[in-house]
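Chain lettering (A, B, C and D) follows the sequence in which the chains are written, and residue indices restart at 1 in each chain.
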Amino acid sequence: MSTSSLICDLARQFYDLGWVTGTGGGICIREGDRVIMAPSAVQKERMSPEQMFTLSIDGTIIDRPSDPALRPSECSSLFLAAIRLRNAGAVIHSHSIHATIATLLFEREFVISDLEMIKGIEGMSYHDRLVVPIIDNTAQECDLAESLEAAIEAYPDTHAVLVRRHGVYVWGRDWVQAKTQAECYDYLFRAAAEMRRLGVTDASLSSRSTDSYVRR
Amino acid sequence: MSTSSLICDLARQFYDLGWVTGTGGGICIREGDRVIMAPSAVQKERMSPEQMFTLSIDGTIIDRPSDPALRPSECSSLFLAAIRLRNAGAVIHSHSIHATIATLLFEREFVISDLEMIKGIEGMSYHDRLVVPIIDNTAQECDLAESLEAAIEAYPDTHAVLVRRHGVYVWGRDWVQAKTQAECYDYLFRAAAEMRRLGVTDASLSSRSTDSYVRR
Amino acid sequence: MSTSSLICDLARQFYDLGWVTGTGGGICIREGDRVIMAPSAVQKERMSPEQMFTLSIDGTIIDRPSDPALRPSECSSLFLAAIRLRNAGAVIHSHSIHATIATLLFEREFVISDLEMIKGIEGMSYHDRLVVPIIDNTAQECDLAESLEAAIEAYPDTHAVLVRRHGVYVWGRDWVQAKTQAECYDYLFRAAAEMRRLGVTDASLSSRSTDSYVRR
Amino acid sequence: MSTSSLICDLARQFYDLGWVTGTGGGICIREGDRVIMAPSAVQKERMSPEQMFTLSIDGTIIDRPSDPALRPSECSSLFLAAIRLRNAGAVIHSHSIHATIATLLFEREFVISDLEMIKGIEGMSYHDRLVVPIIDNTAQECDLAESLEAAIEAYPDTHAVLVRRHGVYVWGRDWVQAKTQAECYDYLFRAAAEMRRLGVTDASLSSRSTDSYVRR
């Protein structure tokens, strides 16, 4: 499958997950020194491969779709920031309601620990404290680039940055890792809200207890 | 794809989103001075193109399906009101539970601000206060036309009208914009209920804070 | 499409709606004086037409699948009760979690009014008070038949009977009406729980207010 | 359909149910004295039959995919424990958020009774008290094997073991029973959280009341 076809296929899947409704969100995939990217403001579950843009890593348009109405994704500069600063092979931007709600439950950092899905994030183990920086949203998506870059540099271990009242950017070394991590983060964002609704705190029922399970 | 086929395709998608269960809800699309519309009281995820009606903008039936049991949508007059008063190219009527619940959380207007998805509504930016008028429901759907028209005129910037304990009407210049906006509104209705459940108010964790994100 | 194929197709759809997980729930459709019914304890989203049973309305097996391991649905006597007492053309049994939860929110009757989806139930208009009797569950499904019959007779206008901590039986004159009504009931069960969670009572924000919407 | 194809097919279905997101979770199926198992850390909804491993019941790799990058599932020892100790024909490991949340609502045992879906678990009837042991999670999945085995032996009637803040292992005599039981458990985990959110206790509205439904 070509990278352009793969982007269309993944976008349909992300639509079903509620990540790219209302034409928002998206995914880009790097091929060597080029980046394949969907256009802005199109219905993400109905894209076709010939609608994709090809950009260089510095943002120059190398190849564009023949339809003159199409413009490159408004997330271009954000996608490229993660690619340049983290050598990412793919970046996913999700408007998942779980990500958006998570930014309303925490101040500057989303923090969670002791959940198995944390292990899906590279470099993290079960008992680690997973931290995702939250940056404030801006009126124009391109204006987010500066604070996203600052967050990426301030949190050298993170693979994601939440945007307050907006969504999340997640990246990985390739599209497989980016997607896996995006699914794990989304699960963790949702779990945090469920725990809040049920009044279950991080401290309760910790699995760090020293009395291991024994036969009765 | 013909407009009739497109309506069937979109209706299947709306069914999966929970917008048109129980034969409720629907979509109409304008073609020049004609409007293609689904019949009333049919299962929206199982329609075929030959079941569609064609109406003039004043509501006269120009073409009808051969099956004599089919009647035009009960929403006809409401669909046509948005088309006439707003020059809409498509109108979506959704019974989404998120829309219905939203009408129970607000009195006369659904109001939300500072959520990225607001930008999906034409003319709105992130910090704008999005207002959707809520009209009271009536026993007969056709009796809604008058108050829907009044709301459309009273709120010249709105692209949607909520109907208390019923659902929402959303329109756009074409089916793409109508669908995009319907998805954004639905997300915002759901977000408002999630915020209410979690006790998160609009004022808390506002992204309007002046201290932009800085490196630590 | 044959009735047997239709049952398989609808069962797949009901699986996606969460109504028939864990082999529970089902649907039967009448053809004249015969009833086509799925077998018991099979995965409802993976059935094939040759697995169907054909019963007479008094419950005699007229035709059975060649696989000797298959037994008729445990709901047979309940399905047949609705067919005999209400002249139903189809009966749907759902284990939807919304139905089960609804039986925990009400004592002997599920009651709701002033929701548009009520109009999807035959004979009901928007302001009507929709009542669904709730019968207690029994250890054996066949033992429910007596109380289901009693509820059907005690509530001559109902098209559904809820079973406490179990699910719901819904019927209609044909499979289309049964499915439409099952979808409307499910929406209403879910809405009742959402309203309870959000602290919204039936009385608040009633659409019966006499001050109709006026231009500002 | 070959067992390898069936595993791929079921994994796609489990992905849609939210059980195997982020490459987590999985299923293995026994064929006589061999066990077919998916590889570790692959996207479960996109697997192909030639990626499967074949293991003996003692864990020796009999056959492996040609792709050298693939490793056997990290759940191998846990899958094999259920197969050896319970003569299981299939084992499902789910990261369903309902399972994970259930482990935060109960201390050492998940307990529920008086729900119809309990009857989907072998040997259980409606009024029985269903108990699922909860073991603490470990940093490495393979380190769970010992406490999983202890739980299986301590609870000789259970068909599932919950893992705190992680998910659940469910088995059955064949893949059909394992899947049926996994769906029933998942429903019950979700129902327990819904009941908690709505403030409905087990004791309220019990169906054990002796006053059976009578005609009014």
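Here is the rule we use: a residue touches a chain if its C-beta (ideal position, glycine included) is under 8 Å from a C-beta of that chain, and two chains touch if they have at least 3 such contacts.
The structure displayed is predicted, hence computed values, not measured ones.
Rotating chain B by 90 degrees superposes its CA atoms on those of chain C, with the angle stated to the nearest 5. If you average the Cα atoms of chain C and of chain D, the two centres end up 29 Å apart.
Separating the centre of chain B from that of chain D, both taken as means of CA atoms, is a distance of 41 Å. Across the assembly, chain A contributes residues 197 that each touch 2 or more other chains.
Arrangement of the chains shown, judged by which pairs touch: one closed cycle in which each chain has exactly two touching partners. Chain pairs that touch one another, listed by label: A-B, A-D, B-C, C-D. Remark: chain C residues 114-117, 120, 125-127, 176, 179-181, 183-184, 186-187, 190-191, 194-195, 197-198, 200, 204-205, 207, 209, 212-216 touch chain B in the complex. For chain D in complex with chain A, the touching residues are 21-24, 41, 43, 95, 97, 100-101, 103-105, 107, 133, 135-139, 147, 150-151, 153-154, 163-167, 193, 196-197.
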